[in-house]
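Take a look at the structures listed below.
You will see chain A twice below: alongside chain B first, and alongside chain C after that.
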Partner chain A sequence: MNWVTIARAITLALLVSAGAAEAADAPAEIKVGTLYAGSGAMASTSVPLHVALEYWADGLNKGGGVFVKGFNKKIPIKLISYDDQSSPALAGNLTNQLITQDKVDILLADSTSVMTAASVPVARDHKMLLWDVTGSSPNFFSPDNPYIVLLALAATDRYPKTIADFVKQQMPKLGIKSVALLYVTADYTAFQATAVRNALKETPEIKVVFDRGVPQNTSDYTVFVNNMLAAKPDAVLEFGYPANELAFLRALNDTDSKFKFLFTGYGLTEQNLIKSNGLAEQLHHSYALAGPGSYEFKVNYGLNRHQFEEAYEHWVTSHNIKGVEFGYNAIAGYQAGLVIERSLAVAESLDQLELRRAAFTLSGNLDTLCGPFVLAPDGSQSGEIAPLGQILPPAAGSKELGLSIVWPADLATAKPIYPSP
Partner chain B sequence: MRKGFVRETALVLLPLVVVLAVMPWLYNNQLLLLNIVVFLVLAQGLNLTYGFSGYLPFGYVGFFGAGAYGFALTLMHTAAPPLLAVLVGGVAALLAGLVLAPLLRLQGAYFGLASLAAAEALRHVIANQDLSEITGGPYGVRLDVPFRPVLTYGLAIGILVLVMGLVAWLRQSRFGLRLRAARDNPVSAATAGIDVVHGRLVVWLASATAAGLIGAVYAWSAPTFFPEAVFDLSFSIFAIVFTLFGGAGTLVGPVIGVVVLYGAYNVIGVSAPKYFQLVYGLLIMALVLFFPAGLASLAVRRRRDG
Partner chain C sequence: MLLYALLTGLIFGLYFALVGLGMNLVFGVMRIVNLAHGDMLMLGAFTAFWLMRVAAVSPVITVIGTFVLFFVIGLPVYYALVPRLQRSREPEMLSLILFFGLSQVIEAIVSLLFGNNERSIPSRTLGGGPVSIFDQTIPFPWIYAACVSVVIFAGVYLYLYHTGFGRQTRAIMAQREEAVTIGIDVHRVSAVAFGLGTALAAVAGVFAPFMLGSFTPSIGVPIDLVSFAVVVIGSLGNPVGTILGGAIYGVCLMLMRTYFSTLADLLPNLVLIGVLLVRPTGLLGRTVRHA
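And then the complex of A and B:
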């Protein structure tokens, strides 16, 4: 046996043992822990998102799991989900449970800022990266906290840019002289109302004739609708969560009220939910931010919107899941899964800061169903800003509502129809 | 009095504190442990007012929220250390208790509903958009305070000792006896020379301060929060249910309530959340049907029968 043969044998032995060690080190499953609100005020946003995560994990597992670069192999995903019942106190406990008892590799927050807030300090304390799906409050992000990334929604101080710009630049041109603001007093919705209010301050020709915050659990908007009618505004801008939108539109329907210009926060993003509640007609000629549920952002990874909608609805039906509609939250859940999937394909290990680094490699390179994925240095989302759309009645022979993009100018497909016919 | 006080604290308070102090070494979900202590304090705080004056405040969470915001606003607007801010949280709740003291003129369901309305009003004042510069408004608060789970847990246990010590003292003292007499029959008690209003006010303020102090500790443990989180009505509901389940007016009752019901809440919530409402509902129905005075009444019944 010469030296070359010996060297070859040693190299082969080293490679085999390294491979064996790698295989031995690879976990049997990647534990993805998440919270969702199965009941309570947050259920309408949280459940579709959670179902989308289940769909994503199921799809990956059917193909052998998620590819993890650190182990150079596909590993099945185990989705561990707890129902926080819309209680922030319980969400904090359960986040701790996921970290300390279940020892998850990937930690996802429940949807909305109120619920995410409970998980932020716990994740930070345990040095776990929090994959924040829609908790967009700027309060969560600071340069000294590397343990959070926002996935599927622009941070709340950036998200309302389109509507604020429209108020300043287009409303005076349309002849709108008075505005009514109605919003839910929660971080996400109040931030949007503030953005509009600030825009109105810079537009002296428009007067605010009604400005009212309501609790998130408001289920009857009749009084507010009547008060707004009495104030005779040229435009009404309403910001609420999906359950609030239903209550607001129901009040319009029940009082047979109509405004010349109506903006609703979720009119487009949760259109299917609104349709299934028989309130689609109230949306005719109204305006809403054209989030990914209605506006087709081009993607460079995963399914496009039409494909995902079809696949999601098929999955929901085949799993006999009731009362879950396709909409923004479903897309947010799917997108969260895709970002995690892409990050695992890039990360050298499951170390939490390495996972953060991997997520940052996607910033500016990933086009998602929610728009371009762009992370600010503090982990907040700067991309994914929706254009403003006007919802049109169905065309003759169709049952589907139409949509024109009216702002910003470079994306606009039509001019706004004002006043509403 | 001294004998009874020592016996109760030795049999209930001391073992409880030892168990709570040891638990972090046995179970590492420290936030869950902190929440158990939070609910123990809230249940005992509610026990102070309901058990000794008969007033059941559905809006008890208002004091908890006032304490959390007292803590937060102190840190946001002054250079005070967090421990001082916790005290300010207690004082904020005490002041809220003083402002709401006229509610004690109401009785029964009227008082319960008025206290609930007061808590909601307080929440809306804090969440008011126009006060955003001061309170954070609907955008909530983010506190730049070091996350100290061991310290906050220890602090919570300290507050629990104070509150339970007060309950034990009231159970054995003449003042407590006068309070219970006024609770059972205020007219007779007043005729006998008992200052009914003074007694009610003292336990009402003590109860408010307890909730405020623990609200401040809670805020320290969750330094980013929104008004909805600390004025969440479920804090009131849990405190009431735990107290009634175990037995109001006793020292051990609220402890039983928290251990059994909050334990069940977390076990079922994790293992079978779909059945949570059903199991919880059945437990409470069983309580109302068979032990209307709480589980602690079993011991009293046995002592009387035996």
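And then the complex of A and C:
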């Protein structure tokens, strides 16, 4: 045996052992850890999102799992979920448990900024990338924290861009001279109110005649509606979570009150919930950001909105899940899954910073049900900004509410109807 | 704005008194804190949702039906839990744990069965549009709920002060051991009081969708906190004090919402701390002399 043959044999042995090592390193499953609120104030937001994640994971597993570039193979997903009961304190503990006990590969936060806030510092301490689904508070993002990416909603200081621009550029033209602001004091809604307040400061023609924050668990808005009526505003802008929107619209209904211009934060996003509570009429001629639940963004990966709605409804029915409505949160959960799936397809390993790099490769290249996926350098979302819509009464012979896009100008399908008839 | 806050505060106060009345009655007779009280209210809200919104049953029949149904439900719950609890060394303390556990179980089961979405009932279901009182526009369901609360207070008063069973109930509230000595069937009277407490919570639940905007299976614990504040203001174990407690709480809440809306959330805690610091026995509580 000459030295060439020996060298060939050694090279072959090394190649075989390297292949064996790669196969051995591939995990039997990709552990995706998430929290959801099965009860409490956040449940109606969180459960539809979690159901969508289950749907996504099940769909992938039926096809053999998720493709992970680092192992060049499909690996089944194991979704590990804990119920944080809408308690931020419990969410913090459970995040820690997912990281230290379950040793998850992918860590997802519960929905909303209120719940995500508890997971951000824990993930950062453990150097785990937090896949933040809808926690859009700008407070979560800073250049020195690489362990977070926002998936399904523009950061809250960017999300209300269209309504802020509308306030500055269109309200004076419509003859609106006074505005009332009513908002929930939680991060998500308070930041939106601040963005609008700043826009109003730049618009001297408009005076703020009412500006109030309310606690998130406010369930009766009648006093606030009465006080706003006393202030006689031309326009009312209200920012709340879905439960607050119901209470606010209910107060309008109970007191037979109407404003000439009404904006609600979730009027379009949670329209099904509002309809099922018999309050659809209160939305007639009101304005809201036309998020993915009501406005169809074109996608370049995954199901389109109609296909996903059908698949989601079928999943909910076939799994006998009660009280879950299709809407923005369901879309957000599905989108979170798709972004993770696409990131794993380009990630060289499961290293957390490599996963972050992989997510950034999608920025500007992924068109989602929530709009274009664009990450800012700090991991916050700069895309996925919704246009402003005006909700119209159902057309003759239809039971469905109509929708006109009124801003920005390049997407507008109609001019705003003001004052509301 | 001030007149509106005072007026709606009094109306809400009557409703909050109804919310707390059952809890106080149960505490007065049995010396136990029923932390599943808010969940009974939530179940009452679900009952009203199905009867009034889905089956279009009239509000009056819904109120009476809910009262009877939950009174009957309360009796076996009493016999299953309370006598054993009272044989323990620390019934008051253990009742907190036991009924909190029961509350969690009820919430979990209802969430599993019916989901967590907010539910509400259109206000016109109660039959009227907004009402003008002193030039202030008040939703009709609020007036309805306040009137039903007053009728129920009158009924509870008549029961406690003008029936034999009511006198026995008051005897147990005043001195349980002496009531046993003179031959009162404490368990029978207590079971009725527990059934009554459960039924009152459920009737308050019938109006919860109208007074609280919407409801979910999770409203139990916040309602317990409100009930507890109302009961402590008036004084624990004194059902009449509950009406005063409700009125004070309601007016404070509406004033807070009008002038300090951001802090309205803190109200139950502030009021509780304030009353416990200034008058620990509650506004209508009797001073106890320790020998």
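Here are some notes:
In this text, the second predicted complex is superposed on the first by the 400 of 421 C-alpha atoms of A that agree within 3 Å, B and C clash if a C-alpha of one lies under 4 Å from a C-alpha of the other, contacts with A are read in each partner's own complex, and residues count from 1 in each chain.
The working rule: a contact is a pair of C-beta atoms (placed from the backbone, for glycine too) under 8 Å apart; a residue touches a chain by one contact, two chains touch by 3 or more.
Computed from a prediction, not measured in an experiment: that's the story for all the values here.
With chain A as the common reference, the superposed partners chain B and chain C clash.
When both complexes are overlaid on chain A, the residue A:192 reaches neither chain B nor chain C.
When both complexes are overlaid on chain A, the residue A:380 reaches neither chain B nor chain C. By the touch criterion stated above, A:329 is placed in contact with neither chain B nor chain C. In the superposition on chain A, contact of A:34 is made with neither chain B nor chain C.
Of the two partner chains placed by superposition, only chain B is touched by A:124; chain C is not.
In the overlay built on the shared chain, the residue A:213 is in contact with chain B and with chain C. By the document's definition of touching, of the two partners only chain B reaches A:113; chain C does not. In the superposition on chain A, A:222 makes contact with chain C only, while chain B stays out of contact range.
By the touch criterion defined above, A:390 reaches neither chain B nor chain C. According to the touch criterion, the shared surface of chain A, contacted by chain B in one complex and chain C in the other, consists of residues 38-39, 185, 213, 215. In the complex of the two chains, the chain B residues touching chain A come out as 28-32, 35, 124, 127-129, 137-142, 147, 149, 221-229, 232, 234-235, 265-266, 269-270, 273-274, 276-277. On the chain A side of its complex with chain C, the touching residues are 38-41, 43-44, 47, 86, 185, 212-215, 217-224, 226-227, 230, 242-243, 246-247, 250-251, 253-257, 273, 276-279, 321-325.
Looking at the complex, you find that chain A touches chain B at residues 38-39, 82-83, 85, 87-90, 92-97, 100-101, 113-114, 117-118, 120-122, 124-125, 137, 139-140, 142, 185-187, 189-191, 193-194, 213, 215-216. In the complex of the two chains, the chain C residues touching chain A come out as 1, 4-5, 8, 53, 107-108, 111-123, 129-130, 136-137, 139-142, 210-214, 216-218, 222, 254, 257-258, 261-262, 264-265.
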